[in-house]
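In the two complexes below, chain A is the common chain; its partner is chain B in one and chain C in the other.
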Partner chain A sequence: MKEIINKIEKLYPISDFKQQNDKTALLTVEQDKAVDLLIYMQKFEGFKHLAILTAVDWIENNQFQLSYIINNPELKMDLILRVFIDREKAEMTSIHNLWEQAATYQRELKEMFGINFPNSPRVDKPFILEGWDGLPPYRRDFDTKKYSEDTYFPREGRTKNNPVEYMKQKLYPDE
Partner chain B sequence: MSKLFNIKEDRSLFPEKNEHGKIDIDLSSHKYLKMWHGPQHPGITGNMSLEITLLGDEVMDCETHVGYLHRGFEKLMERRKYIQCFPIVCRVSVPEPDFNEYCFAAAMEELAGIEIPETAKWLRTLVLEMARLASYLMWIGGQAGAFGQGIIGQWTNYLRDSMLDRFEELTGGRVYHMYIIPGGVRGLLPAGFKQRMEENLKFIEQMMQDVDKVMFNNAVFKKRSVDMGIIEKDWIYKFGITGPNARAAGIPLDVRKDNPYLAYPELDFETITASHSDIYNRADLRRKDLLLSIDLIRQIMAKMPDGGEIRAETPNVLHWKVPKGETYSKAECTRGEYGYYMVADGTEYPRRINVRGPSYTHAVSLLEKMIINCNLADIAGLMVSLHTYPPEIER
Partner chain C sequence: MSKEHTEKRTVYSPEGEAIEVDPLKDYFCEDLPEVHKKSSIAVVENFRNWARSRSLWVLGFGTGCGAIEMRPLMTPKFDAYRYGIQWRPTPRQADVFVISGYLSVKTLKRVIRTYEQMQGPKYVMALGSCTINGGMYWDSYNTINRLDYYLPVDVYVAGCMPRPESLLAGFDQLKKIIREGRGEGYNVYAEKFEWYKSNQKKIIKDWDMPDYNW
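Coming up: the complex of A and B.
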């Protein structure tokens, strides 16, 4: 793995290399060179298998992290390629031409995180959520509790108890 | 054999495609019929629907629709402490929850720098192989049922139930086990377990001979499955295909061999492959894989230590702050590569957990491609042959 990294660090703006374990490595690459690097890794370094494309919301840094996990079946190595993109202008180049299944991942990311992948097939079509027009639900600032309180109403006949008070009352009623 | 049954013409030439390689579908011509297949249907464990466009009884276009089972597992996990995620992860794939438990626990242990004891490693391997066996037994019934052989489903579900008895004995649960926990496992083998397991395995082997006669040597099953639903070799990496679907096409992808985990390096086995991935070969490969699982369970029970530590020392699980970092842990489930991508930010709550279920790639992009020119009556059989569980798609 080290040899590959030595080779690509001359060609691409990479940083934060870390050997997580003997089979997995982490790498960060600049946004504008990320797809170039993915093409290079797929065509020339044998990282033929895309296992995951997902996002992490670093709301405190106003960034999204896109993680591409690619695998080299000959070397039997996984590489987690991290790309940080601006949270306000969440847009990334599509890789559906490299891996067909990426279109599905990108469609999900558009729906759940609001990250746009222009020209990706069916990217604007709802995937899991139907008729959703609010904040993309997997963003950190989406408040699940508030959403359920606003959307649903408490059923009649249900009461709420403070567990500490309730158990105290139940176990030691005389105190 | 393929020559004997190859009486189908090349349907992929009909109807003609435009310059973009697509069929011009004009619904107002009344030639085509749009219909929904699902969400409840025989082709799949769970709810997923296909919006298909038919010309006669032949599929011209298809779009997968999911969302019927969405519970937002990944979001829920961000709001829970690590240990509270355990009742959630096993529900991502119902027939084989143990792979979820293992991948989640392994990712956590790696980030926290915990090495699990030797006995726990063997017990985890045993539970994973038992889950594989139970899941395959359920699948065989589904595959036969989709081609009209209901009796196989009754036999193999009975066999699966006998495996669930062993699970109940070992873990206390039949479907959801929550046996694999961070740092190790929850208990040792009960007294007499090995003997009861051996009897169980013998019974399964014996019944599988009957399944072989009635299903795999059945002319109707062969006629409907040979040369049907072919996965080309060059699709494997293009579509992210893993597991038996890839192995049947001749690509030996098996995480147990490629990226050995737990006690697999000490077990003696070969990855089973075939050269032609059609429905029949995939079914046959899974049958062989099932028998391999039986062999592996025997090897594990013979080689594993009888007692010893089963749990490494961990911090108090309710106040466990996993160090900042990220990792990807994976295992080979019955359908392919199962993976958990975990990002920890140094707090008591996971920052992000992403589940890679093999169905994600198989049931959407691959199925939509394979189903074109398929007969309406064969859709269920084709879907089962990909072995998909929809909850993995919409975690």
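Coming up: the complex of A and C.
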């Protein structure tokens, strides 16, 4: 793992390298070089498999974090590439040419986070939600409780109990 | 989802003949549901209710996690067939619809479509706390909170999830209700059709089917 990182360090602007164990490592790469690095890892370092492409909403920093987890089946290694993109102008280069299944992940991210991937196949088609209009639901400024209360006719009289206190009272009322 | 399949279009036969198709008129009936009239003779009505309660045919449509409880119920361990309850593969042959657990908006659309295709008299049995007040998904952006705003519910089975024993108790209760002539959900649906439709259309935003599809 260390040799690979030493090699790519000279070629690409990477930072925040963190080795979790022998087989797993995390690193952050600049947005405009991320796809170049993915191509390099796929073609020359044997990271042939894209395990997942997912996103995290860092609303405090006004950023989205995209995580590409790529896997090298021969060395049994995982590499987690983190890319931070601007939250206001959420757009990233599509990687459906490298891995076909990435198109599906990108469709999901478009629908759930509102991150656009131009030219990705079927990216504008609804993925899970049918006819959703409004803020994408996985963004952290989307208030799911308020949306549910406004939309789905909540039943009155719903109460909440602390399970520890409640069961203590119920089982041992004298103590 | 696009609404293309409900729009008027021209199709061509193998001979090259152009045919105008209006799917909403040609493929669906425009009539709205009607209230079933009861027999004026009490004995006849009682006999009908007795017969209905003795052959509850359930639609094999699992909408949520509760679908897993129906497998042991229909297989030898709990064997619901001995009570005259059996599972059918098509809504046309079924008269009990078991809503098994949470309903996402996407599933609700299919559920409404299926419920309307069932022949009356038909009954709805709602499983789990999700159909009563949303259960553990009460604040989800994608699951409904109360089923009775969208479909008339005849009997609720509480629990998260109710075990097959509670389901059997629920079927027992449903039988009792039908025998007493109180299983009137399908008539309520016909009477308050506008209200149910307005609730359904409020949350199903891409409505691409006729108002009543049976």
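We take it that the second predicted complex is superposed on the first by the 154 of 175 C-alpha atoms of A that agree within 3 Å, B and C clash if a C-alpha of one lies under 4 Å from a C-alpha of the other, contacts with A are read in each partner's own complex, and residues count from 1 in each chain.
Going forward, a residue touches a chain if its C-beta (ideal position, glycine included) is under 8 Å from a C-beta of that chain, and two chains touch if they have at least 3 such contacts.
Since we're looking at a predicted model, the values are computed, not measured.
Participant: Since both structures carry chain A, what do chain B and chain C do when superposed there: clash or fit?
Facilitator: Once chain A is superposed (C-alpha atoms), there is room for both chain B and chain C without a clash.
Participant: Considering only the touch criterion stated at the top, classify A:His49 as touching first (chain B), second (chain C), both, or neither.
Facilitator: first
Participant: Output check: A:Pro118 vs chain B and chain C. Expected answer is one of first, second, both, neither. What do you get?
Facilitator: In the superposition, A:Pro118 touches no partner, neither chain B nor chain C.
Participant: For A:Asp78, using the defined touch cut-off, is the partner it touches chain B, chain C, both, or neither? Pick first, second, both or neither.
Facilitator: A:Asp78: touches chain B, not chain C.
Participant: Is the number of chain A residues in contact higher for chain B or for chain C?
Facilitator: Result: the larger residue contact count on chain A belongs to B.
Participant: Touch test for A:Pro13: chain B only (first), chain C only (second), both, or neither?
Facilitator: neither
Participant: So, does A:Phe127 touch the first partner chain B, the second partner chain C, both, or neither?
Facilitator: First partner only.
Participant: Just to be sure I read the superposition right, which of the two partners does A:Tyr152 touch: chain B = first, chain C = second, or both, or neither?
Facilitator: In the superposition, A:Tyr152 touches chain C alone.
Participant: What is the minimum C-alpha distance, in Å, between chain B and chain C after the two complexes are superposed on chain A?
Facilitator: 5
Participant: What residues on chain A does chain C touch that chain B touches too?
Facilitator: 126, 128-130, 137, 142, 144
Participant: Contact residues on chain A for chain B in the complex?
Facilitator: So the residues of chain A in touch with chain B come to 20-21, 23-24, 26, 48-52, 54, 56-57, 67, 69, 73, 76, 78, 80, 99-101, 103-105, 126-130, 137-138, 140, 142, 144.
Participant: Quick check: in the complex, which residue numbers of chain C touch chain A?
Facilitator: Interface residues on chain C, with respect to chain A: 1, 105-106, 109, 132-134, 138-146, 149, 199, 202-206.
Participant: If you look only at chain A, which of its residues touch chain C in the complex?
Facilitator: For this pair, the touching residues of chain A are 126, 128-133, 137, 142, 144-145, 147-149, 151-155, 158.
Participant: Within the complex, which stretch of chain B touches chain A?
Facilitator: Residues 66-67, 70, 72, 74-76, 78-79, 110, 237-240, 242, 251, 253, 258-259, 325-328, 330, 337, 339, 341, 343, 351-352, 354, 356, 360-361, 364-366, 369, 394 of chain B touch chain A in their complex.
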